[in-house]
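Chain naming follows the written order as A, B and C, and within any one chain the residues start at number 1.
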Amino acid sequence: MNDLYREREISGCGLSAYMDESGERSSGDDIIQSIALLHDRSNGLGGGFAAYGIYPEFPDSYAFHLFYDDSSSQVVCEELIHGSFNIRESGPIATRKAFGIGPAPIIWRYFVDPKEEVLARHNLSPDDFVVQEVMKINTNIKGAFVFSSGKNMGAFKAVGFPEDVGDFYRLDEYRAYMWIAHGRFPTNTPGWWGGAHPFTILDWAIVHNGEISSYGINKRYVEMFGYHCTMMTDTEVMAYLFDLLLRKHELPVETACSILAPPFWDLIEHMPEEQRNYYTSLRMVYGSAMANGPFAIVLGSRSMMLALNDRVKLRPLVAARKGSIVYVSSEESGIREICPHPDAVWMPRTGEPVIARLHEGVAS
Amino acid sequence: MKRVYAKEEVCAGCRLCEIWCVVAHSKSKNIIKAFNEEFPRPLPRVKVEEFGPFSFALQCRHCKEPPCIEACMTGAMHRETPDGPVLHDPDKCVGCWMCIMVCPYGAIARDETEKKIASKCDLCQGEEEPACVAHCPNEALVFEDRGE
Amino acid sequence: MRFSYIEPEFLIERDLERCIRCQVCVRQCAFEAHIYDEASDVVTADSNKCVGCLRCVTMCPTDALIVRPNPTSFKENANWTGRIIKNIYKQAETGGVLLTGMGNDRPYPIYWDHMVLNASQVTNPSIDPLREPMELKTYLGRKPERLDVTLKDGKVSLNTKLAPQLELRMPVLFSALSYGAISFNASKALASAAYEFGTYYNTGEGGLHRDLYQYGERTIVQCASGRFGVHKDYLQAGAAIEIKIGQGAKPGIGGHLPGEKVSSEVSKTRMIPEGSDALSPAPHHDIYSIEDLRQLIYALKEATRYEKPVSVKIAAVHNSAAIASGMVRAGADIIALDGIRGGTGAAPTTIRDNVGIPIELAIASVDQRLREEGIRHQASIIAAGGFRSSSDVVKAIALGADAVYIGTSALVAMGCHLCQICYTGKCNWGIATQDPYLEKRLNPDIAKERLMNLLRAWEHEIKEMLGGMGINAIESLRGNRLHLRGVGLTDSELEILGILPAGR
């Protein structure tokens, strides 16, 4: 079916995340406890996590997490993976029986490195090649879906309440320096496993609460750069926007945030000339990348956690800091549940990102 | 004082100013009655002057030092306040038409419909703006104080 | 005159009880359809001369006049309509090409009326433009694919210099209406309204009257195949230059200004002899291919030191998408697409009514094609051709246009009654005429105010529609076809428009 004819999923949500800038790792217990408190913000149709620093044994290989509808799709897909990548290790992702989690697809993990000769033939950087191959699998191979493709990080998601999803994937057994959690409240479509947040591409993981009214143009904009929106979700397009702006266009993260949630013209007009020129140029060139409509997002990468609100703050987002740990959540209670006495708590302003960065010299 | 000024460049020559002047000075103030039922019908006190494509509406300029007042032997032509409009009192008018002779603009006409008296613009006393200005479809007449 | 078989198109009816014989109708009809009979003191009418412009009806102080379509009908049928029969009579009587003015009036589908807009409910909030900012500012011109920004010591600095752009308060401009086709007063009204409002007007191929240079920074100067009025100061005076290849009302043929309208001022401005027909060639004779267009684009850019965006305007025709792609690659900073319903001062009726494609389909296919080729950012798209309302504008933006040219709507705002006789030069409303007697009827101050009122009204309405969709900046609507749904369209039409049917 032409993807024009696929309905976009609209959802409300709860989110919670934290990063220890010192690189200290912790188990998934805390993040599960935090997102569990925000239970009422999701409706059991999707929950998920992203965890960074969990695969120290394969820090430089791409960790692919895949859902397969059946073993035949796995056969087809693995043929493609074998052709393009050297597989260092593969196997099922460990799960346990958990309350509220329905029938699961086949869930497989591969640690892979792109084959040199294939890279040469495609004349692509390893990252660009991985993006291309992920797009290929997700678009062309029926029943196969790559839901995580970064290095030393992974996404875990399912249909269910997020705390149950965490239990299902045995996240208490992983240790990460950054955890991102999300519970969904999709309103118009039944949840499916691939549709749960976080959405990831390469090292980027993104969770999102909101509805992007500009989705139609954001999607067409990223398509110009070879991204295919296969899931018809706002979150997916946000991830591609970040990948495009940060990785391909090499823009500073602050600039990317100003593109997604730019200041109003009224404000820009009163700025000093250099600043005015900067923001005017951003809006002129990247107008199609503006995310318009309510959103609160958390974006993870190997060295950074970023939280951002829309330009008129139509979704809740609270941040806090305790020592080297930066927290963000839809609700302050989500933070205080696991950090009762933070050093500071604040409400980030519209378009003003909360950024946590791994300290220099800390291996990610 | 406030006077009526014509913008020649946008006068469409439709003469609606003349028509509405007649209505404003009619008994019924109703345009159809004024034209179709009232006899004699009042004369228009504004006149559209035309020459080829050029046209503009002319009425009494209400001069600062009006020759008509100076020439009027009965005091029919008068001013009530020093900077008020030049008015004409038909009861005093004897119809000598000296005013017509001296008016440099030709803005006074003979009104032979009733007595032998003069007919001239009174700036539609009592109205917010003269009827000619109010009804000009192209704003070619304006009523304003240009400090003259 | 020889006996004619053509029945009058309109009947003039006069209520004799209301008529005061003031003769305003007589004085206002340039076609002399009203006659005052002094001997009998009655005003009569010759309906044969009536063009249906309603000037007399509007001006009549007693509402004594009714002008209505002549109910007399031919024994017409589906194939031989009254219009067809009449056209044949006209041609049999004159042996000439049928001329007309204004845009296509044939019942082709108007896709705007088959597309509906979205609004937010529950899952995201609509925005109230009376209480919150709502941004319509639009920039037209070539944009780079990416910006080079560096971050140093917490301070961002921009290392990319952008090409020149046009800044619009909202995405509506006045279309090309040449001085000559329209009166000086009409041109002045458009120029001053664009200037004061913060948008642009377009000179068409009429050159720039010396008294309008003062509005240069809000002027798009056109360079058409006749090169009328094109010289160095003219190019320098505008904010942008538009190369006119084609026009929606008459794709494939050149402009046509009848000699009756070439007055002394028009002759000076266009640099042609007074009274001569100004017939611009069908093609530019220095543009027989895309690389020739590139040469002209760069010649104009060189001549103006790369300080002005160059637009290229074409009529929307079957392969517009491929042509547009070539235009962008040839260096056009703006592409103006003029659809089949675009207006004109004079065009052969058969061309106007049968050549070109609807603008909606052209916008959709051009925008999609440029995106597929990854060059959409290299040029802005201005859509033209029969835009009637703010909702047409919003739908065009959602389909992928950056901005919209309005011509006929602007003329109607000034008083045009769409009687389609612009080519006669006898416009009773003072718009499409050079007759000094008629031209005075359009007061440029009133016309300017009416134009600005129209823009302000549309601005409010566009903000309301955007707010309803939960969008607070126009760039988030541009090309955002998910906010459109089709009603009563075929699958192919939906596919070309790139929209879903309503209900899905």
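Throughout what follows, a contact is a pair of C-beta atoms (placed from the backbone, for glycine too) under 8 Å apart; a residue touches a chain by one contact, two chains touch by 3 or more.
Remember, predicted model here, so these are calculated numbers, not experimental data.
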Worksheet entry | Category of the chain touch graph - line, ring, star, complete, other | line
Fill in: Closest chain to the centre of mass proxy, which here is the mean CA position
C
Worksheet item: Counting in whole Å, what is the centre-to-centre distance of chain A and chain C, each centre being its mean C-alpha position?
Response: 47
Practice prompt. Go ahead and note the Å separation of the Cα centroids belonging to chain A and chain B.
Written response: 81
Fill in: chain B-chain C separation of Cα centroids, rounded to whole Å
44
Fill in: Complex contact set, residues of chain A against chain C
4-5, 7-8, 10-12, 187, 210-211, 213-217, 220-221, 223-225, 248-249, 251-252, 254-255, 262, 264-266, 274, 277-278, 281-288, 290, 292-294, 311-312, 314
Discussion item. So in the complex, the part of chain C that touches chain B is made up of which residues?
Written reply: 17-18, 20-24, 27-28, 59, 61-62, 185, 430, 435-437, 440-446
Item to complete: Show which residues of chain B lie in contact with chain C when the two form their complex.
Response: 7, 9-16, 19-20, 31-32, 34-36, 52-53, 55, 135, 137-140
Practice prompt. Write out the stretch or stretches of chain C touching chain A in their complex.
Written response: 120, 122-125, 127, 132-133, 135, 137, 139, 143-144, 146-147, 149-151, 156-158, 160, 162, 165, 371, 374, 376-377, 398, 469-473, 475-483, 498, 500, 504
